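Quick heads-up: structures coming right below.
Paired with chain B in one complex and with chain C in the other, chain A is shared by the two complexes that follow.
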Partner chain A sequence: MADTTVEKRRTTAAEPAWRAHGTARRSTHTLRLRVSAALVGVTVLAVLLVPPLVQLDQQAVDLAAKLRPPTWAHPFGTDDVGRDLLLRCVYGLRVSLLVGVVAALTATVIGTAVGATAGALGGWADRAVMRLVDTLSSVPHLLLGVFIVAMFRPGVWPVVISVALTHWLSTARIVRAEVLSLRSRPFIDAAVSGGASRWRMTVRHLLPAVLPQAGLAAVLMVPHAMWHESALSFLGLGLPTHTASLGTLIQGARGSLLAGQWWPTLFPGIFLIVPTLAVAGLAGVWRERINPRRRSELML
Partner chain B sequence: MTSPPWGAMARLTARRALVAVPVLLVVTFGVFAVAAASPFDPVKAYAGTAALGADQETLDRLRDNLGVDRPFTARWWDWLTSALGGDLGQSTVMRQPVAEVIGERLAWSALLCAVAFAVAVLLGTVLGVLAARRPGSPLDRTVTSLAYSLEAAPVFWIALLAIWLFALNLDVLPAGGLTDTGSDHVTAGQVASHLVLPAGVLAVSQLPWFVLYVRQGVGDALAEDPVRGARARGLSERTVLLGHALRSGLLPVLTLIGSRVPELITGALLVETVFSWPGIAAATVEAATAVDFPLLAALATLATAAVLAGNLLADLLYGLIDPRVKLNEM
Partner chain C sequence: MLELRAITAGYDRRAPAVRDASLTVAPGEAVGLLGPSGCGKSTLAKVAALLHRPDAGTLLVDGTRVRHWRHRAPRALRTAFGVVFQQPRLAADPRLRLADLIAEPLRATGRREDVRDRVPELAGTVGLTTDLLTRRPHEVSDGQLQRACLARALVLRPRWLICDEMTAMLDASTTAALVAVVEDYRASTGAGLLAVGHDRTLLNRWCDRTVHWDAVTSGAAEKTGGGEPAGHVTR
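And then the complex of A and B:
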């Protein structure tokens, strides 16, 4: 599915025959695009439409039907108090996705602001800011997140803040590098000789040009932020246990897992994997579109 | 082969140690600043449930004794100076000095991480080379798809499923802990059997990244001139693959090994918690749940130091293996 992402070269004449299947490559390419787009679409539609349209209560407890394995009535089975797991997973995905999107957007705004400022100012300010970014990158993200949440007590906002505060570093690096390379382009020279102030140059010329890169980084960050939320919630340092998120669902399923019921654990995890792969697939296609010759890195 | 550049390596180590000092200062300062900005109250944390029944006068005296009302910069400086003397404060959740907690648990975490990392490196290299041999082949597609899926799978979820499969259904491995329940001696055999699942899961979580990079490195190397030359000289495919492509293909991977320390620590946090492994990462989670500030501050510092050491190790390794690298310029 995502096998072309790590390929460095387009095919050249001297390469072995099995590398030169240009058409085959292109067809897997479109397949990947379609599958990824379909999965992202299904995910977004599910979290947007199911809660208002489906008149089912995700909290509905039915102790008579607790811990039922997957059946037609309950495709994902039921949890330890008889709640339908498919519905819980959709609601959990909704919460996780919301936390992920808000955290990723916040991180992208911080990262873009810091990176653009550093790149546009240059000199000692740039060096100081990037040194700080390097320093902060030396602390493992999850550990920093755990620390922030521990100090501010678990809850939705501490989780969002802790994810945002640990994830803007890579965006700042990307944006700064982009701004630095843009600064030497003729259109910036033209703007400067046309009398544009530093502020106008940054806001009107540099920022619009780095937006595609920042946007790509933001999209890629969403699954990562969801992962982060799940990990924190799983450790008991994230969302409150009664709020269904993919992390709290897996955390709550630990008891039933040790009693041999696998389904409450399995399905929330799959709900986390599928959007991650789909977003990675889409982002890979997009990156190859906007920059076909650049060596594409691993993106997850 | 020339002798390793010991002098340059020593100079690089010294330079990095000098850089590490300000980094650690900034990180510890940040830890204290975050704590000062948070609603966390050290007095209540110290007194625990006793604070509920205590009168205001006692609490004020305690507040005074702990020096909580002083600015956080002053408390940071005190902590730093006593930390340099080996006194990291008292852990409230473990009821023992922080230095002792770290001393008791560090070795178990190191064992877990080292075994997991070694397995990931070896298995990753083998799978990556197999996949790179024929890009686009069914084997390559299987390995790559599996790697991407595993990379997307949360490690705690894999850990839980592994417990379900190996400890509950197959009943071949213990589900957690360091020794069997009821056993009061730590024997090598018991530790080994209890190590298999956590180390295996941690290795699996580090594996995808490794497989994909080795596959890319070796795949790139296979398309380069030295390999074409080796093939033209009629060397066996095995020599070409292992002697030429693997050697140059692994080089970019080596520099990245050090940068994996944060991910390794992240993985250890989750894996140790799931398997109740008595390591330092599980202690971090316990400390966070109980808001044990002295322990958290020490562990954050320790993790940062480990990341810096990992970066240094990767650069040293690179300089040792690749003669083209000039350590003096790093």
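And then the complex of A and C:
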């Protein structure tokens, strides 16, 4: 009897400390989650609602008002041909976000398909596919991306293709590793014994199990893909200069920065950094929820 | 007739888990395989169920030599074996409801029309109530999940049952219930049974014949025939 009371007291004494630790961790998660979600929400609303609601022409040139610093009429100032930079930034964000999301989704689909095929087939097919992945990984992917865009006329789709074709490798590795570890589980043995074909085993049992990992990899890749678009456009290889994207805006503003005009570079820069950090923050919270141990493995 | 002849199998050719093991299960016979943990009896059970390719040796099913394992094995031969594993948590796809778990072999072999009749029938046989069938594996107990796994093993009416430590995780009453289900099935279909375990009391009562692992690997299993293996205590 005495023993049980001592035991009980011990557990109640230990509990608050443990709880407090848990709550502290959770509250930082919640703060990060809320801030990130709010920023992503604002970004998505801005790119979806501003163009149809605000009937202003982002291409409207006003040579009388070129390179004006921020004023009430032009909160972000104007660029070297007098176009409103706030409007240009919103349109640029729209293009960059589109490129980022489409490229990340395409890369994830390719990576998941390749990784799942290699993992499910095993043997020489697996070895051949993974050596190809290793070979492609050994080439710097910005260089490979530059090579791919150089084969097409400048435009949105070459950039999407270039980013997608150079970014499926890490997803393929993650998915293959997951599939390999799942393949040796008894529930796969049970499926084989129950007459499941290779295809059914993969589609019914393996892919649903790797989907959360693949989805997370896709979200983590969106900011990365946006940065790639900006890098390619900045190098003059991505989008044509008249198409507003965050990369082309920053590229076009290079000259005026040296003349002391900071606004054409600063605002597109903020528009690039804030949404990418917000998306990365959301993905980070998600990653820690589904898999607290694998932080380092999923770094993209 | 299920004949394992001089099977050597494992996960590393230099250190096989099973070396030179031989065992025969006659049609309708129940054979219990006893052995200490880690001796390789589960690996041998997987070889017998066509789930693990042996490095050497022969497996004969009704006199025909098996040449292909896992997906390469003909589907009719693969599904002639119903397998129940030791840990139901690992043997059940965590995303499937119990009804889908039991129905999965029917769907995988293109017998969707049987799902409606066979699933409730088997659930009744193994003692699962209807409300449990809509739950997922993490929402039921080990015993309930193992009942579902047994139902899944029986759903294609296999000619051989391979029970790998089927009752190791279960309490006495669930053990008795599941053994009774297996025995009823065998009595009505004449299926053979290979039960692997380390509970010699249970296997002696359950099976027509129990064989100790040492006898399997020394080749004595074929000579001793029936009765209890002499001289060994399962560690």
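The working rule: the second predicted complex is superposed on the first by the 266 of 300 C-alpha atoms of A that agree within 3 Å, B and C clash if a C-alpha of one lies under 4 Å from a C-alpha of the other, contacts with A are read in each partner's own complex, and residues count from 1 in each chain.
One rule holds for everything that comes next: contacts are C-beta pairs under 8 Å (C-beta built on N, C-alpha and C of every residue); 3 or more make two chains touch, one makes a residue touch a chain.
Since the structure is predicted, the reported quantities are computational estimates derived from the model, not experimental observations.
In the superposed pair of complexes, A:Val61 makes contact with neither chain B nor chain C. Of the two partner chains, chain B is the only one that A:Arg153 touches; chain C does not reach it.
One of chain B and chain C touches more residues of chain A, and that partner is B. Contacts of A:Val139 after superposition on the shared chain: chain B is touched, whereas chain C is not. In the superposition on chain A, A:Pro186 makes contact with chain C only, not with chain B. When the shared chain is aligned, no partner comes close enough to touch A:Ala128: not chain B, not chain C.
Of the two partner chains placed around the shared chain by superposition, chain C is the only one that A:Ala196 touches, whereas chain B remains out of contact. In the three-chain superposition model, chain A touches chain B and chain C at no common residue. Contacts from chain B toward chain A in the complex involve residues 22-23, 26-27, 30-31, 34-35, 38-40, 134-137, 140-141, 144-145, 148-149, 151-154, 156-157, 160-161, 163-164, 168-169, 175, 209, 212-213, 215-216, 219-220, 223, 261-263, 265-266, 269-270, 273, 284-285, 287-289, 291, 293, 296, 299-300, 303-304, 307-308, 311.
Residues of chain A that touch chain C in their complex: 185-187, 189-198, 200-201, 204-205, 208-209. In the complex of the two chains, the chain C residues touching chain A come out as 46, 49-51, 70-71, 75, 78-79, 81-83, 85, 87, 90-95, 104-105, 108-109, 149, 152-153, 155-156. Those residues of chain A lying in contact with chain B across their complex are 1-3, 6-9, 15, 18-19, 21, 24, 132, 134-136, 138-144, 146-153, 223, 227, 230-231, 234-237, 250, 253-254, 257-258, 260, 262, 265-266, 268-269, 272-273, 276-277, 280, 298, 300.
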